[in-house]
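Note that the chains are named A, B, C, D, E, F, G, H, I, J, K and L in the order they appear, and that numbering of residues resets to 1 at the start of each chain.
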Amino acid sequence: MTVVKSTLPDPDRDITGEALQGTLVDLLGLSLIAKQAHWNIVGPRFRSVHLQLDEVVDTARAYADTVAERAAALGVTPDGRPETIAAAFTLPSPKDGWLRDSDVVRLMVETLEAAIGRLRARIAATDRPDPVSQDLLISLTAELEKQRWMFAAEDWPNES
Amino acid sequence: MTVVKSTLPDPDRDITGEALQGTLVDLLGLSLIAKQAHWNIVGPRFRSVHLQLDEVVDTARAYADTVAERAAALGVTPDGRPETIAAAFTLPSPKDGWLRDSDVVRLMVETLEAAIGRLRARIAATDRPDPVSQDLLISLTAELEKQRWMFAAEDWPNES
Amino acid sequence: MTVVKSTLPDPDRDITGEALQGTLVDLLGLSLIAKQAHWNIVGPRFRSVHLQLDEVVDTARAYADTVAERAAALGVTPDGRPETIAAAFTLPSPKDGWLRDSDVVRLMVETLEAAIGRLRARIAATDRPDPVSQDLLISLTAELEKQRWMFAAEDWPNES
Amino acid sequence: MTVVKSTLPDPDRDITGEALQGTLVDLLGLSLIAKQAHWNIVGPRFRSVHLQLDEVVDTARAYADTVAERAAALGVTPDGRPETIAAAFTLPSPKDGWLRDSDVVRLMVETLEAAIGRLRARIAATDRPDPVSQDLLISLTAELEKQRWMFAAEDWPNES
Amino acid sequence: MTVVKSTLPDPDRDITGEALQGTLVDLLGLSLIAKQAHWNIVGPRFRSVHLQLDEVVDTARAYADTVAERAAALGVTPDGRPETIAAAFTLPSPKDGWLRDSDVVRLMVETLEAAIGRLRARIAATDRPDPVSQDLLISLTAELEKQRWMFAAEDWPNES
Amino acid sequence: MTVVKSTLPDPDRDITGEALQGTLVDLLGLSLIAKQAHWNIVGPRFRSVHLQLDEVVDTARAYADTVAERAAALGVTPDGRPETIAAAFTLPSPKDGWLRDSDVVRLMVETLEAAIGRLRARIAATDRPDPVSQDLLISLTAELEKQRWMFAAEDWPNES
Amino acid sequence: MTVVKSTLPDPDRDITGEALQGTLVDLLGLSLIAKQAHWNIVGPRFRSVHLQLDEVVDTARAYADTVAERAAALGVTPDGRPETIAAAFTLPSPKDGWLRDSDVVRLMVETLEAAIGRLRARIAATDRPDPVSQDLLISLTAELEKQRWMFAAEDWPNES
Amino acid sequence: MTVVKSTLPDPDRDITGEALQGTLVDLLGLSLIAKQAHWNIVGPRFRSVHLQLDEVVDTARAYADTVAERAAALGVTPDGRPETIAAAFTLPSPKDGWLRDSDVVRLMVETLEAAIGRLRARIAATDRPDPVSQDLLISLTAELEKQRWMFAAEDWPNES
Amino acid sequence: MTVVKSTLPDPDRDITGEALQGTLVDLLGLSLIAKQAHWNIVGPRFRSVHLQLDEVVDTARAYADTVAERAAALGVTPDGRPETIAAAFTLPSPKDGWLRDSDVVRLMVETLEAAIGRLRARIAATDRPDPVSQDLLISLTAELEKQRWMFAAEDWPNES
Amino acid sequence: MTVVKSTLPDPDRDITGEALQGTLVDLLGLSLIAKQAHWNIVGPRFRSVHLQLDEVVDTARAYADTVAERAAALGVTPDGRPETIAAAFTLPSPKDGWLRDSDVVRLMVETLEAAIGRLRARIAATDRPDPVSQDLLISLTAELEKQRWMFAAEDWPNES
Amino acid sequence: MTVVKSTLPDPDRDITGEALQGTLVDLLGLSLIAKQAHWNIVGPRFRSVHLQLDEVVDTARAYADTVAERAAALGVTPDGRPETIAAAFTLPSPKDGWLRDSDVVRLMVETLEAAIGRLRARIAATDRPDPVSQDLLISLTAELEKQRWMFAAEDWPNES
Amino acid sequence: MTVVKSTLPDPDRDITGEALQGTLVDLLGLSLIAKQAHWNIVGPRFRSVHLQLDEVVDTARAYADTVAERAAALGVTPDGRPETIAAAFTLPSPKDGWLRDSDVVRLMVETLEAAIGRLRARIAATDRPDPVSQDLLISLTAELEKQRWMFAAEDWPNES
C-alpha cells in the first residue's frame, strides 16, 4: 500500500529515509534513557542534573516528532514502536536501579557523543539527496552538541 | 544499594511498587504506539485523529512521569528503559506502515480498554497498602476512560 | 442502540449512572439559579455577591461537563435538556423578580446545603461500584462545601 | 417592588423587555441542548462536531449574560430559571440518548435557523424603541448566522 | 488651518462634531470625578465601591480616546483641555473632602443617568448625518447603562 | 449547486451579496498594495510608515475574512481569487520599484478615501435589506476612517 | 469630618499634603494636555510623537493615582475635580485646534521642565517631614526627567 | 458563638477538625523553617537547595490555606496564630545562624518524614468520618513524599 | 533609482532575486486560493479542512513577508501587486462557487506539489550565488512538504 | 562561624541588622494573623475583607523575604523560626475563633498603625548607617500606610 | 588544561573556532556601539532610531551568546572580555558625545555592511569543516542583512 | 555642541555625571566578564553557576541602560564604547580559557565587592547634588549586595 507519494526520486528517498529512521530510533531511545536517569539519579547534584535531563528529554521528543513527520512527508513510514526501538537502539545506556549523579553525567557525555557521531555521518549522506532533511539534521546536531558540552563541562572532580 | 528509605512497610511497598512499575510500562508503551499512529495514519479523518492521538501521548507522558516519581518516592526504582518496555508491554499495538484511520480508532478503543482493565485491578490491589498511590491510579483511570469513550464514540460506520 | 460499552459490570454501571445523572441535574439547575440571582440581586452588597455568584456558576458548569462526560465514558447517556432539568430539579430556588442581597445569601446557603447532602449520599453509594466516579463526587463536594461556608459566613446581621 | 428605574419610557421599555426576555430563553435553551448534543453525539465526525458544539455553547452563554444584564439595565427583571426555560423554549431539540453525528448537524441547522428568524423579528421591533438593545440583537444574529452556515456547509452526504 | 479633510459633507460634519465634542467633555469630566470619589470614599463599602469606580474610569478614558479620535478622523479638532472641561462639564459632581459610600453610590446613579440622557439625544441627532459615529455612541450608551444599573442596584438601605 | 440556504429573501440577499463581494475585493487589494508599500518604501520615515502599513494590512485581512464569511453565511459564495481581484480592484495603487515615504503616505490617504466613499454607499444600500451586514460595514468604515486620518495628519511638509 | 487619622504630626502632614496636592494637579493637567496633543498633532512625525505622548499620559495617570492615594493615606483629602485642575494648573499648555508636530515637541520640553522644577522644590520640602512621600516624588522626577530628555533630543531641526 | 453549621455530625466533625488543625500547625511551621533555611543556608550547593526550599514553602503555604479553609467549611475554626504554632509545632527544626547545605538537606529529610508519618495516621483516622477531608490529606501526602524523596536522593556524600 | 545597495555581486543578485520574486508570487497566490477554499468549502469534513486551510494561509503569508524582505535586503524590489500575481501565478487553482471538501483536499495536494517542485529548482539555483537565501527556501520547502503530506494522507476514500 | 562578610562597618551593621530583624518578626507575625483573620472572619462584609486580607498577607510575605535576604546580604543571620516569632511579636492580634468583620477591620487598623510606628523609628535609625536598607524600609512603610488607609476608610458605621 | 573534547578533527576545529571567535568580537562590539548610539542620538528621528537600535542590540546579544556557546561546544574557549573586544574590534564606530540621527543611520549602514562582508567570508570558510557552525553564521547573516536594509532604506534626504 | 539642557546646576551636574559614567563602565564591564565566566566555566557546579551568572548579566545590562539614560537626561553624554570600557574598567576579571567553578564563585565575590565599595562612595557623593540619581545608585547597590551574598554563601569547601 503506497499512500503518500514522495517528492524525491526513489534512490534519494531511500537514502534520506534511512537517515531519518535511524535518527528517530536514536532520539526515542535517548528520550527513554534520559527519563530513566531523571527518575533514578541520586547524589548531591541530584536536583541540578535531574532538571538538566528533562531538557534532553524535551529536545529528543520534539526532534523525534519532527524527524518522523519529515519521513512521512517524503512517503517513508517511520517506525517508533517499542520493539523496534529495543531492537535497533545501540547508544550507551544506564543500568537498572539507582544511579550515582557523577555516573549519569559521564553516561550522558558518552551517549550524546555517540549520537552526534552518527548524525555527522547522516549530514554527509543526505547532502546531495535532500538538503531539506539535511538542514533538519544540522539543527538537531547543533542542539545535541550544546547539551553534550554542558554535561562535559560538569564531568569534573571536586577540588582536592 | 538501598538509597531512598520507604515510608511504607516492606510488604505494602512491594505491592504498590509492582502496581506502579506495571503502570509505567503500560504508559510508556502507550505513548510510543500513539505517536506511531499519529505519524502513520491515513484516511479522510487523518487530521482529527492525528490531533486526538497527541492528547493520548500527552496524557501518557505526564502520568508516566508522575507514576515513576511516585515509585521513587516510595523507595522503588522505576524501570522505563527501551528493552524493559519491549519485554513487558502487552497491550494491543499497531502494525508497521501506513494505518487506515478507522483501524486506528478501533485499535485505540482496544488498547485503552486493556489498559483500563489492568488499572482497575491495581486500584483494588493498592486500596489498603497505599491509598496515596491508589488515588493517583484512580485519576489516571478517569482520564483514560474519558479518552476511550471518545474513540468509542467515533468508531462508527458512515450512514449507508 | 447501545453504542459505548461500559468498563463496569451492569449493576455497578446502573448505580453509578444514577448518581451521576442526579448530580448533573443538580449542577445544571444550580448554574441557572445562580445566574438568575446574579442578574436580579439588589441591595448594598450587590457587587460583592454578584461576583461571588459567578464563581458558583463557573463551578457548576465545569463540574456539570465533567460529570456528564463521566457518565458517557461509562456508557450511560446523560440527560441535561431543559424539560429534564425542570422536571427533576428539587433544590431551593429563587422567586421571580428583584432579589434582596441578604435573601440571596440565605438562599445560596440552603441550596448548597441541600446539594451537599445529596452528594454525601452518592459518595457512599458509589464507594464500591466505582471509586473513579466517587473520587469525582468527592472533589465536587469539597468545592461546594467551600462555597457554602463563604455564603454562611456572610449570612450575618449588621451590628446593632 | 420597582427597584431599578428605566432610562426608557414605559411602552418602549415593555417592547424591548419582551424582545430581550424571549432572546434570553432561546439562548439558555440553546446552551443546554448544544451541551446535550456535545455529550451524546456518536459517529465518525464525533470529535469535530463535539468541539464545534462547545463554540455554540460559549456563544449562547456569553450572549445570555449580556442580554439578561441589558434587561436589568432597562429596569426589566430577566427570568432564566429552569421552569421558565422549560415552559417557554420552543426551538427544535434533540431526543434522549445517543445522537448520530449527521443528525446533530442537521438539528443544529434547524435550531439556529429558527432562532435567527425570531431574532430578525426582534431587530425590527426594537428599531425605534431602543437602538441600543437592537445593536446587541444585531451582533448576536451575525454570530448565530455564522454558526448556522458552518453546520449547513457540513450537512452534506459523503461522495457516492 | 484646515488640515484633515472630512469624509462627510459640511452640515453633517458639524452636527456630528458637536455630538462628539459634547460627549468628550462628559467622558473626561466623568473620569475625573469618578477618580475623585475613588480616592475620597469612606464607609463600610469602601473597598467594593472603590474598585467599581475604577471600572467607570476605565470606560470613560477608553471611550474619550475613541470619541476624540473619531472627531479628528472627521476633520473636527477635539478639545479636552482642563479649562474646556471645567467650563463645559455640567453633570452632577462630588463635593470636596471625604465622601460617604452611600452618597457616592447615589451620586454615580445621578451622574450616569444625566450622561445617558444626553447620549440618547445625540444618538437621535447623528442617525442620518453619520451612522458610523452613531454606532459608537450606541455602544457607549450600552456600557454606561450597564454601569448605572449596577450602582442603582446597590443604592438600597440595609434591612431594618 | 445551491448549498447554503439564505436567511434573507432573494432580492435582499442579492443587494447585500453584491455589497459584500465589492468590499471583499477592495480589502484583499488593499492588503496586497499596503504590503507592497511596506516592502518597497524608502526615505527618512521608512520605519514609522513601514510599521503603520502593517496595521492597514492587519485590518484589511481581518475584515476580508469576516466579510467573506458573512457572504457565505447568507448563501452567497465570495470570490477572492487572484484573477478576480486583478480584474475588479480599482483603488489607487503604487507603481513598481522603490517608493518614497512621502509618496506612500499620500497614496494611502487617496486609497483609503476611495475605499471609504464606496463603503458609505454600501452602508446606505444595505440599511433596509440587511442591518446585520450593514453593522459590519459601519464598523469597517470606522476603522478605515481612523487609519485615513492618521496618514492625512502625516501628509505634511517639513518646516521651511 | 476627620476620617482617616494621619501617621504624621500635624505640621509635617500639612507640608507633605500641600506638596502632594500640588503634584496631583500638575499630573492630572499634564495627562489632559498630553492627550490633547495626542489627538490634534499633525506633521510628518505624527505617528512617532502621537505614540510618545501616550507614554506621558500613562505616566501621569499612574502617578496621579499613587500621589492621591498617598495623600489619603496621610489623612489629607486629595482634590482632582475639573474645576480644581482648571483653577490651579499653571504649566505651559497647547492652543486650540491642530498642532504642528515640532510645536508639540517644544511644548512638551517646556511643560515637563516646569513640572520638574516644581518637583525638585517639593523633594527638598518633604525631606524631613516625610521621607516616604519624598521617595515617591523622587521616583516621579526620575521618570519625568527621562521623558523630558527624549523630547529635548527630538527638538532639533532637519539637516540643511 | 456557633456561626457556620457543619455538614458533618458532631463526632465526625470533631475527629476531622482535629486532623485538620494538626495538619495546619505542621504546614505553617514547615513554611517558616523552610524559609529560615532558605535564608541561612551556606555551602557549595547554596543556590540549588535555596531554590528547592522555596518549593517546600510554596507547597506548605498553599496547602495550609486549603486545610484551614476546609476546617472552616466544616464549622471548625482553624488556629494559625504565632503563639499556637510555637506551642504545637513539634517537627525537627533548624538551629539559629548560618546552616551548612548538607545539614539542611538532612534536616528536610527528617522534618518531611515526621510530617508524613503524622499525615498517614490522619488519613486512616478520617477515612470513615469524612472522605472529603481524607482526599485532601492524601494529595498533600503525595506532594510531601515527592519532596522528601528529592532531598533524600540528594543526601549523599561526594565520591571519595 | 537604485536605493539599497546589494551585498551580492550583480549576477548572483539577479539569480537570487529571480528565485525570490518567483517564490513571492507563488506564496501570495497560494494564500489567496487557500482562503478562497476556506470560505467556499462544503461537505462533511468542512470544519476540519476549513481550519487546516488557515494553517496554509498563515504559512504562506509569513513566508511571503520574509521572502519579500529578503529580496529588498539584497537590493531587489519585490512585486506583490494584484496585477502581478494575476499575471504570474500558475499553480492549480479552485473554480468559482462552493467547493466539495474532497475536491479541496485533492486540489491542495496538487497545488502544494507544484509549488514544491518549483522550490526544489530554486534551492539548486541559489546554492552557490547566495546560501543565505537558499537556507530560507529550504525551510519553506520543509514546511510546505509537511502540509502536502497532511493533505495527501487525507486524500483517501471512505471504507466501502 | 562567620560566613558572609559584611559590606558595612560593624557598628553600622549592628544597627541595621537590628532594624531588619525587628521588621522581619513584625512581617512574619503580620502574615500569620492576617491569614488567621482571613479564615475566621464572619459577617456581611466577609468576602470583601477576606480578599483584602490576602493582599496584606502577600505584602507581608514578599517584604519578609526581601528583608531577611537583605540581612543575610549584610552578614547578619535572620531569625524567623516559630519560637522566635512567638516570643518577639508584639503587635495587636486576633482572639481565637470566629471574628466579626467590623472587629477585623478595626484590628487591622491598629496592627498596621503599630507596625508603621516602629518602621518610622527604624527609618530614622538607619538613615546614616545604611541608606540602602533605609530605602527598603521606606518602600515597605509606603505600602503598609496605603493598606492602613484602606482599612481605616472602611472602619465606619452604617448610616443610622 | 583541555577540558571539553571537540567533536571535530583538530584542523576543522581550528578553522571553525577562528570564525566563531571573530564573529563573537564583532557581535559584542556591535552591541556596545549600538547602545552607545541608542543613548546619544539626537535629532527629529530620535525616537524611531532609538527604538530601532535596541533591535540591533537584541540581535547582537542573542547571537553573541549562541556563537560563544557554539565555540565552547566544539572545545574552543570563547573570549569576550573587555580588553579582547577593544583590541580586536575593527568595525566603524561612533565618536564621543551627542550623535545626529542621520549620522547614526549612515554609521549603522556602514557597520553592518562591514560585519556582513566578514560573515560572508566565514560562511565560505566553514562550509566543509563544520556545516553546523556554518548554518548558524548563515542565519545570523540573514538577520544582519535585514537590519542593514532597514537602515539603508532610511538613509535618504528629505524632499527638497 | 550642547544639546540637552540639564535640570541641575553645573557643579551638581558634573559630580552626578561623573558618578553615573563611572557606574556605567563598571556595569558594562561586569556584564562582559560575567558572560565570559558563563561560557568558560567547568566543574561539577557548572549548571548552577552558569545560570546564576546570567542573572548578574541581566542586572548589569538593565542598570547600565538606566544609568546611561539617566546621564543623558541630565545633559551628560554617557560613554560605553569598547575602548572606553577597556581603558576604564578596573574590577577583578577572569583569565583567558576554561575557568574552574570554585574560582568563578570566588572571583564574583571579589568583583561584586569592589563594585559595591565604589557605589557606596558614589551614594555619599550624590546625596546633596542629586537625590534622584542617588536613589538609582541605592537600588543598584541593593541588587548587587544581594548577588554578592549569594556567591559568598556558595564560596565554601565541601565537607571533609
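The criterion applied here is as follows: a contact is a pair of C-beta atoms (placed from the backbone, for glycine too) under 8 Å apart; a residue touches a chain by one contact, two chains touch by 3 or more.
The chain list, named the UniProt way, goes like this: A, B, C, D, E, F, G, H, I, J, K, L = DNA starvation/stationary phase protection protein.
The shown structure was predicted, so the numbers you read here are calculated from the model rather than taken from an experiment.
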Intersection of contact partners for chain A and chain F: I, K
Rounded Å distance, chain B centre to chain I centre (Cα mean): 41
Centre distance in Å when chain B and chain J are each reduced to the mean of their C-alpha atoms: 50
Separation of chain F from chain I, taking each centre as the mean of its C-alpha atoms, in whole Å: 23
Multi-partner residues of chain C (each touching 2 or more other chains): 3-4, 42, 45, 48, 69, 72, 102, 135, 153, 156-158
Chain-to-chain touches, reported pairwise for every pair that qualifies: A-B, A-H, A-I, A-K, A-L, B-C, B-D, B-H, B-I, C-D, C-E, C-H, C-J, D-E, D-F, D-I, E-F, E-G, E-J, F-G, F-I, F-K, G-J, G-K, G-L, H-J, H-L, I-K, J-L, K-L
Residue numbers on chain D that touch chain E, as the complex places them: 3-5, 7, 69-70, 72-74, 131-132, 135-136
In the complex with chain K, residue positions of chain G that touch it: 45, 48-49, 52, 102, 150, 153-154, 156-159
Contact footprint of chain C on chain D as seen in their complex: 1, 3-4, 28-29, 32-33, 35-36, 39-40, 42, 61, 64-65, 68-69, 71-72, 77-83, 85-87, 89, 93-94, 96-98
Residues of chain D touching chain F in the complex: 113, 116-117, 120, 123, 135, 138-139, 141-142, 145-146, 148-149, 152-153, 156
Residue ranges of chain H touching chain L (in the complex, touch as defined): 41-48, 50, 100-102, 157-158
